[in-house]
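Okay, structure first, notes after.
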Amino acid sequence: MIAQIISVIGQTALVLLFSPLITAFSRTIKARLQTRRGPGLFQPYRDLHKLLRKGMVIPETASWIFTATPYVLFATTLLAGLLIPTIATQAPLSLFGGVLAVVYLLALGRFFLALGGLDTGSSFGGLGSSREMTISAIAEPALMLAVFTVALGAGSTNLSSVAQAAVGQSWRFLSPSQMLAFAALFIVLIAETGRIPVDNPATHLELTMIHEAMILEYSGPCLALIEWSASMKQMVLMTLLVNVFFPYGLSADGSPLGMLISVALFVFKLLILALAVVLVETGNAKLRLFRVPELLAVAFVLSALALISTFLFGVHGG
Amino acid sequence: MLFWQDPQFGDRMITLMAALVLVLQITMVAQRWLVTNIRAFAIQSFLLACIANTIAYYNGATHIYIAAALTLMFKAILLPVILQRLVSRIEIRQEIEPFVNVPLSVIISGFLTLLAYVVAEPLQTQAALPGVAGLGRNTLPVAIALFLIGFFMMINRRKAVTQVLALLSLENGLFLAAISLTYGMPLIVELGIFFDVLVAAMILAILVYRIRETFDSMDVSRLSRLKG
Amino acid sequence: MTIPLLLLIPLAASGITALARGRRAMELIHLFSALAGFTAAILLAAEVLAQGQASWGNSFLFADHLSALVVLLTAFVYLACSPYSIGYFRTDQINQVFGADEDGSIHLAKVRKYFVLTPLFAFSMFLVALSNNLGVMWVALEGTTLASIFLVTFYGRPTSLEAAWKYAMIGGVGLSMALFGTILTYYAAGQVLGTESLNALNWSVLAGSAAKFDHTVMRLAFILILLGYGTKAGLAPMHTWKPDAYSEAPAPVAALMAAAVLNCSLYGLARFYVLTVRCLGPSFASQLLILFGFLSIAVAVPFILVQRSYRRLLAYSSIDHGGIMVLGLGFGGALGPLGMLLHMTFHSITKPLLFFCAGNAQQHTGNDSLRKTPGGLLHALPVSGPMFLLATLAVTGTPPFSLFQSEFTILRAGFAAEHVGLSILFVMLLVAIFAGFFYHIAQLVLGPPNDSPKGETCRWKTYPVISLSALVLLLGFWLPAPLYFLISGAARILAVQP
Amino acid sequence: MWPTRELYTSGLLVFAIGALGGVACHWWARTTSWTLRLFCGSALSGAVLVGGAGLGGLLNASELSWSLPSGIPYLNCVVRIDPLSSFFLLTLSLLAASVAVYSFGYLRHDTAAKSPALSCSLLNLLLAGLTLVFAAADVVFFLIAWEVMVAAAYFLVVTKHEAEESRKGGLLYILMSRSGTGMLFIGFLLLASAAGTTDFRAMHAIGGKLPAAAGGVAFVLLFLGFGVKAGIIPLHIWLPAAHPVAPSNISALMSGILIKTGIYGMARVFFDFYGVLPAWAGMLVLLVGVISAVLGVLYALMEHDLKRLLAYHSIENIGIILMGFGAALLFRSYGHPNLAALALIAGLFHTLNHGLFKCLLFLGAGSVLHSTHTRNMEEMGGLIRRMPATAVYFLIGAIAISGLPPLNGFVSEWLTYQALLAGFGATAELTRVAFPVAGALLALTAALAAACFVKAFGITFLALPRSQAAQAAREVSLSMRGGMAMLALACLVLGLGASWFLPVFDPVTQQAFGINATRNLATGNGFILTAGSPQGGSVSTPVLALMLVALSVIPLILWLLWGRKQKRSIGPTWDCGLPGLTADNEYTATAFSKPLRMIFGALFRPRREIQAEFEVSPYYPKAIHFESEIQPAFEKHFYDPLRDRILRMARSMRPVQAGSVHAYLAYIFLTLILLLLFGVRG
């Protein structure tokens, strides 16, 4: 029981504290690739600290939904983070919700975020909400199909079980179904976290904004929570990707040494993935909004292919 | 035994008269003049009365005499007279304008007669009713032919009066069947039928008259406002 | 003694009405005769239920369950029509449909015609059901036509004349065929029984020995009877006079024709059906009945779907229901005739309601067009409007209304007789009929109020509608046991084994 | 001994009294708030009694049947309360009770309903019909109850028959219904002819006794027949036409429970009348479910009529339920009763859940309509300030229907996912691929539903009012809020307490497959819901909810640490420098769904028309007229041509009756000739 509580607190701390770092890392690498210096790895922490201490302006048109949204978003994203295995195969709350719960918790947060966008009454908010809901909706089948393909291999939707099953089989990720599912999930990751070519988190250009348009009216602590949640969401999805497909180093027994190795490996894997995302971001231009479905359709086809190759080559063998 | 008491003779006579009736029916089909038509109908009815009498005589069935008398009175005399007076009173054109031209009508009548024979053929071999002289059993095809041709005439005639006439000649076929097959229906039925036919004829006459009044025409093919 | 009484009542009513002076006296006599007739019919039904059958005058008149049922239904329709007709013609006078009529003499003459002819009409219908002799039955059926022709021309419009002419011509040909069939049956019977006895055409005698009749003659006879009485019942393709006559006759007359004459003609057909099945076995008659029943239902469909007049709509519904009854008889077995007779009973109670509602609507708007009437009848006629819709649901066989039960019984008979494909088609046609019928009537009844004045002025017109609606609704949940015994007894007569 | 039988009968009686009393009051024009209270009270107490009966049936777990007194000699009014019936009776009672509470305030203030007494009467009649439908155990009796229900609903739909839309909706409803009933006629009769009786009790697993072809035909007909009522695509067209025009309390009942009679019928047929069905049957149901779900939600997204939007969502949810049923059928075909039970439970639980939140949403929409007098979302907005309670209830409903945790919609969708996932391992060949694909499409459906309800809630309740009517809206009366509160509470309770509730389905699965499935579905003192197998997925809504609350403490602490002293100020929304933000600046419902309209353009085939009026230069338009609509594919490509073809054929028959007496005589003549030629010789 105590161990359970400790692991919950530990993972909470990990998700809370580590997630801005990934964002910072991505930004820095991206800046470097663009031959800029970048703001440094601690800039997100400084931003959050500053925002949390600021006052805030609430639009006169907004209702309680507007103010409640950051809290809901924060809580759901964080909770989703507690359901995925990060450094140990056994995620602290994995028994209380599997991958479906993760996806739906994120959806709950998004639901409120979109409502918050609409609540301001400005056309930017509505624009952002509309696009956000659209893109997440069409990303959903690809995400789910890929997740299912993985879950079928493990015979469970519980992420800890999935990770455990993956740990047991070395070189499993080389099977075609796993590769295809990974590729599909990678595209979904880019869409869900709002990266180029789907969305550009650094822009405030009204024609292309998605995420930023929704949160245009937020300021102060609310904005801090939202930014923080965005980082956490990114980390949650990335963790999902790396630990499901490359579960190497996940500690199964919880020994201190194992933990240490797995932390190091976990950080390493995440940073590699972040690097991959940044490379994609840098190598591509932003797509027109109505080209995004095509990208996500590719993701869906990939995950469907993954499923079919599971069917063709068998759940475990392939 | 006198020759007219021989049932064989009666049978011949009946066959002959039935044939004449049929010929008259076809004549009506071929005829173009209304008054001639009415007269042909009168003669046809008269011949039917004669057939009825003959059968009554040979079978000693008194109630057929009544039927014969009624036929003679109403169909051969009264109805033709009424119709003729109606025709002269409402001054309709005398010529019948059939839908199908005369030669074709006659050919169709021929086919209908043939059909009647085909239909009645299996009945020809039947035994006569027990206890009566087997007279005029072969008149059933004639009766059916009368019926069919009468029916055809109803379809082929434009004027209200001619349709009534066709209906009446069609009923003559029934009468022939009734007396030759079954030697008359039970008397009460017979009387009832006559009463009905009489009332029907009167009603039809009234209707004809009112159609003439209302539409200024006897052409019932123009009565087509009620559709769908 | 109830049998002659039953026949005497309408005859006497007709005679007295002919001599009566004022309108009120005629109305009173009419009402009284209808009541007395219905009472007598109930007494007859009770007698039949108690003793199995009733007869009078050396079996000249004869009633078994089937006759008693038809008599009861006829008397009922007559009873339902009588108060309604009073209100109907009073409204006619108010509306001045017969033109300027200062002292009311024209109207009185017209109304006298109705009050004299209708009891005669009823008399012939009673006689159809009560006569044992098939020839007399034919005479009586012809009598119904004769009595009703001048009721069809009642309004003296050119169209009513046209309708009457078609009615007379087609009816005349039809009944001639029926007579031919009757003669042939007599012939077939005579071969077996001899012509000596007057009873040779008595059904009760024929039914006993029909098995020995000549097959070819009976075949021919049944074809002619089917076409003949089918014409009178309005089976397709002999149905063509129906829409014309029903739409031109005054509403109570149309109700009598649709609900009562139909039963009488089918009654005649059923009597011959029994003889034919006894003689030839079930398949010949069944096939023909199914063919014509089905054709009737099918023919009604397009005309119900695309229809401009609601009176004609009701006529096509009548054709459809005649077809359903014949189909039930054709399906045979134990359930088919039961379904047919249940259907006959329920139809006789529902149809008048429909005609009354239609009549009220027509008198209110002055036409029976489905196109000219802008809808919203509900506002103008707060009783007849909604009841029209209710009656429409009832007559299209919507549960809980009773016609559903009978249609379902017939459908079960169809499945029992392994006519599965036909039954499926039957259901499809029923759905199509419902669609057309309900669409038209809903368009008529519902909708925003228009500027026409509020109707329902005459209680004589609304009370029959209300009481019949209550009865129709009640029948959906409660069928009196004696009535059911009567119906099932009658069905046993028709469920013959060869 | 629980008096199930007495409760049921008295409930029915109370409804009947309410129905008759309402008519009587209408007739004598004595409608006061007192009578209204009486008749809504009868609906409420009837609902409670029937609920008691349903509870009794589930507790008793064995079936109980008896005959109601029948006035018709050949009609056996058998009533049977078995677990399946009980479950639906329970659902009915929950919804009916809250609708009854809501109706009191709704009918009292609804100016459009001319006769509240008549509406009450029909409401009671509808409830009586529903009560009978769920328990009738004889084909004829069932069909009678069925059509009583349809008729009552029809008359309720056309309450406001002065409006063309209302008449059309009603007509479409009753015509489609009737076509469905026709299919039921044949399907039932095929089954009954195999059973030799129309009694349901003798028809258990009777489908197997029919020849394969007949059994298949009966199955398809019954599926489609009940499908019309349930609103499966492509038989759904009446739903978006009829539900919006009905009074809102009735829309709620229609979407909540009336269309569930179709589901009840399917459950009865699939799991009672048929034994093991061939795999194609399950595939058919699954396929129809998927299509209905996806297309239903896509059409819903395109609506800006609040009630039509909800109606399309009913189609979607019926699809989700059918996914469960289809999976259950397939599992049974492949011999996995445990999984079949899981899928059936998923379907049935979603039936209940959808009933609850859809009823809630319709009541919410009714309240909005009641206050703003419009169903057009483009004229709403800002209602959260004016109708705060309604907004909260609607939000709860919206979260639940979007399948978001921790409410009840999430739980049943989660169960459906689990069932679908299990299908891959449990079936063979192509069938196994269908399952995950169906799951992915379920995910798409759920995500689109969430998008749709962001729109529905956001455009309706948030930001600035878009019209005078929305500006003037006021919160609805206490009883209306009470009705909604009951349902919102039920959504919450069933969401959090799902694992304790699920044993309710044990008798049902016992009846259908002979097993008690829910024993495996809950672990950890019932706190955790599992997919039935130890290594399968698990979820715990209470823990998730608890954790959500606990985790919100973190930002609160942060705020207490730093932000507490900072000032919160209210300011205008950024308006791009234009003078003042007005409702014109707001995103509209149409705009919100525009991206999806374009993405699924192949399906919607949108048409738009822009007309600009300008005075000086085309760059400065004075007014722009914008019109956009989507093509209702099924209406346009199937139903309209079908109707036109039928009418054209009917019209082409008119010359048959062209008025010529000669032609009429010729018909008879030809018939006679033909019969003489072919009939006489035999």
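Note that the chains take the letters A, B, C and D in the order they are written out, and that residue 1 is the start of every chain.
Following the convention adopted for this analysis, a residue touches a chain if its C-beta (ideal position, glycine included) is under 8 Å from a C-beta of that chain, and two chains touch if they have at least 3 such contacts.
Because the structure is a prediction, the values reported are computed rather than measured.
With steps allowed only between chains in touch, the distance from chain A over to chain B comes to 2. Taking the mean Cα position of each chain as its centre, A sits at the greatest distance from chain B.
Chain centres here are Cα means. That of chain A falls 35 Å from that of chain D. Between the Cα centres of chain B and chain C there is a gap of 31 Å. For the pair chain B and chain D, the distance between C-alpha centroids works out to 70 Å. Between chain A and chain C, the centres computed from C-alpha atoms are 78 Å apart. Shared interface positions of chain C, defined as residues touching 2 or more other chains, are 162, 165-166, 169, 173, 216, 220, 243, 303, 306.
Annotation for chain D: residues touching 2 or more other chains are 654, 657, 659, 661, 665, 668, 672, 676, 680-681.
Among the residues of chain A, none is found touching two or more other chains.
The chain pairs satisfying the stated touch condition come to A-D, B-C, B-D, C-D. The part of chain B that touches chain D in the complex is made up of residues 99, 115, 118-119, 122, 148, 151-152, 154-156, 158, 220-221, 223-228. Residues of chain C that touch chain D in their complex: 162, 165-166, 169-170, 173-174, 177, 215-216, 219-220, 223, 227, 231, 237-238, 240-241, 243, 284, 288, 299, 301-303, 305-306, 376, 378, 393, 398-400, 404-405, 408-409, 411-412, 415-416, 420, 423-424, 427-428, 430-432, 434-436, 438-439, 442-443, 446-449, 476-479, 481, 484. The part of chain D that touches chain A in the complex is made up of residues 382, 384-385, 395, 399, 402-405, 410, 414, 417-418, 421, 424-425, 432-433, 436-437, 439-444, 446-448, 450-451, 453-455, 457-459, 461-464, 524, 528, 531, 533, 535-540, 543-544, 547-549, 551-552, 554-556, 558-559, 561-563, 566-575, 581, 583, 585-588, 591-596, 598-599. Those residues of chain D that touch chain C in the shared complex are 71-75, 140, 143-144, 146-148, 151, 158, 161-163, 167, 170-171, 174-175, 178-179, 181-182, 185-186, 189-190, 192-193, 198, 214, 646-647, 649-651, 653-654, 656-657, 659, 661, 663-665, 667-668, 671-672, 675-676, 679-682.
On the side of chain A, the complex with chain D involves touching residues 12, 16, 49, 52-65, 70-72, 74-76, 78-79, 82, 93, 95-101, 103-105, 107-108, 110-111, 114-115, 118-127, 129-131, 133-134, 136-145, 148-149, 151-152, 154-158, 161, 216-217, 220-221, 224-225, 289-290, 293, 300, 303-304, 307-308, 311, 315.
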